[in-house]
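To start, the structure under review is shown below, and the notes come after it.
Letters A, B and C mark the chains in the order given here, with residues in each chain numbered from 1 onward.
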Amino acid sequence: VGPPIFTSERLYDKTQPGVVMGLAWTSMGGSSLYIESTLDKPLSYYNSENKKIYSTPQFNQTGQLGSVMKESSIIAYTFAKSFLLKRDPSNTFFQYASIHMHVPEGATPKDGPSAGCTITTALLSLAMNQSVKDNIAMTGEITLTGKILKIGGLREKTIAAKRSGVKYILFPEDNKNDWNKFPDYIKEGITGIPVGWYEEIFNFVFEKNVSNIKDVNNIKN
Amino acid sequence: VGPPIFTSERLYDKTQPGVVMGLAWTSMGGSSLYIESTLDKPLSYYNSENKKIYSTPQFNQTGQLGSVMKESSIIAYTFAKSFLLKRDPSNTFFQYASIHMHVPEGATPKDGPSAGCTITTALLSLAMNQSVKDNIAMTGEITLTGKILKIGGLREKTIAAKRSGVKYILFPEDNKNDWNKFPDYIKEGITGIPVGWYEEIFNFVFEKNVSNIKDVNNIKN
Amino acid sequence: VGPPIFTSERLYDKTQPGVVMGLAWTSMGGSSLYIESTLDKPLSYYNSENKKIYSTPQFNQTGQLGSVMKESSIIAYTFAKSFLLKRDPSNTFFQYASIHMHVPEGATPKDGPSAGCTITTALLSLAMNQSVKDNIAMTGEITLTGKILKIGGLREKTIAAKRSGVKYILFPEDNKNDWNKFPDYIKEGITGIPVGWYEEIFNFVFEKNVSNIKDVNNIKN
């Protein structure tokens, strides 16, 4: 089938749990951008008296994020916690997890609210120890209740997504008119999925909508 | 009855507990604005020794709020706590609740004291697990004792409220003269309700003036 | 007796405990200004083991206060605590009280030391659960030992006080010469009360110089 043509922007061949591809928009055009999240300490350990000690929940961000994007990540964190509590009350990950989120590349300043749904997905992916499906990118501001709000630069983001080998792009329902007006050559080979609420993203990107039991088990009481 | 004409500004069809529609005023005119509030951790959980652990009360804000609006939210928080203590002493929500308040859209800086009564209502709605009635928007500065103070831009706010499908707009009694001078075409289809003290807002927006017992119960001792 | 003529600046018909009218002075003239104070959490509650837990003393301010007024409120807080300890050692309010002080209106920046005696009175009124007498306003810097220092703009403040229906204005003894020089039409209908020490204010504004026993009792051990 020949060699891939545009892969330089693709950081991951297969994303691991905690990592999700978002899309950014600058005066230079669009570009893909990864949200990475990981635990920065074990969820629990045994102390010298052989007592199980749980870590304290925390959420830190790096990646030269501006104030809007920092707030956006806190909104995503709050929403992810309440969403998982409803979806899978047995998953106690967030109760103990000290999480570090990073947005490469480290020297590039980033800002804006449109990675909200991507950050939410990265955190849920980490919490459930489940990768998102391949070839997916997403963009959309998220509110505390999971509503997905309109974003800018969908055209440039779509072009960037294709360049990174993305097959499905999830974007806010309120950007549907933008999408419909794009010429066919832009939409060729990529499927646009408009979403109104976060739940629609969740149902689309995760293979099975439950936690990966094996790994979550070890943090249960 | 035909299709709704102006709905693009309406984020929620039916607001959930913790969410209330306010109104903002800019040099560009008025616009509706939602105050969202939610718990960012469970009120309580059982630790490894099967002991019930309560969360610690906290109140965080996001949404690019300026210093006046941040203070306004703290005033609203203090007032909401003391108001609920008098209204329903059995409701211990605020004693444990770690609350995150957000004002979408995340990239738009917001400031001013006029969402005070809206924030108060959002927090009480969350605490009582009760939605406010539909089709209501409100604007008004609140003081620590629940007095509702005059605000600016009532005309623009009223127009924005109608555009968002609002049927009742609550505003400060001291703005009554403004309201009376509005031409009829502005007031058509919307009922203005002047209020002097917060209690009048509370009695108007909540169906039953008691906590939703089922949900509050689970945080009682 | 006819209708009241100037009432727009009067926020409260009857002030509640914790609220006292002060006076401000700007380039635009004088104006009345309320110091509001309230508890932002209950003094005590019963935890799950039915043990009485007392709240931790704290003092927070809102109202866009400048650094001088913030310090002034801290001086007032310190003085109020030591004053009450001497006056009524049985009153343990300040030992536990988490207090929120606010100065409406929320969007107006305020600064200066001249509300010191007003803040002191508001805090003592809250601690004793006793309203101050009606129709009183006051202005004066306070020192840590309760000395009342000279302030500016007494003329403008007196005019503003009258506009708000005030019958007695308390001001620093060192401003007595200013007062004596005011033309009669300014002093008509208002009684000026020069004070050198805070105790004189206290003795004038409170009906009974002891705590409202019924309400204070419930915070005693």
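Keep this in mind: a contact is a pair of C-beta atoms (placed from the backbone, for glycine too) under 8 Å apart; a residue touches a chain by one contact, two chains touch by 3 or more.
Everything numeric in this text was worked out from a predicted model, so none of it was measured.
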- Apart from chain B, which chains still form joined groups through touching: A | C
- Query: Rounded to the nearest 5 degrees, what angle rotates chain A onto chain B on CA?
  - Reply: 60
- Give the identifier of the chain nearest to the protein's overall CA centre, each chain being represented by its own CA mean. B
- Note on the structure: chain A to chain C, mean C-alpha position gap in Å, rounds to 52
- Query: Between chain B and chain C, what's the gap in Å when you average each chain's C-alpha atoms?
  - Reply: 30
- Task: Would you give the residues of chain C that are in contact with at least 2 other chains, written as numbers and ranges?
- Result: none
- Tell me, which parts of chain C touch chain B in their complex? 8, 11-12, 16, 18-19, 34, 36-42, 45-48, 50, 60, 62-64, 100-102, 104-107
- Of all residues in chain B, those that touch chain C in their complex: 52, 54, 57, 67-68, 71-72, 74-75, 77-79, 81-82, 85, 92, 95, 112-113, 116, 141, 143-145, 147, 149, 174, 221
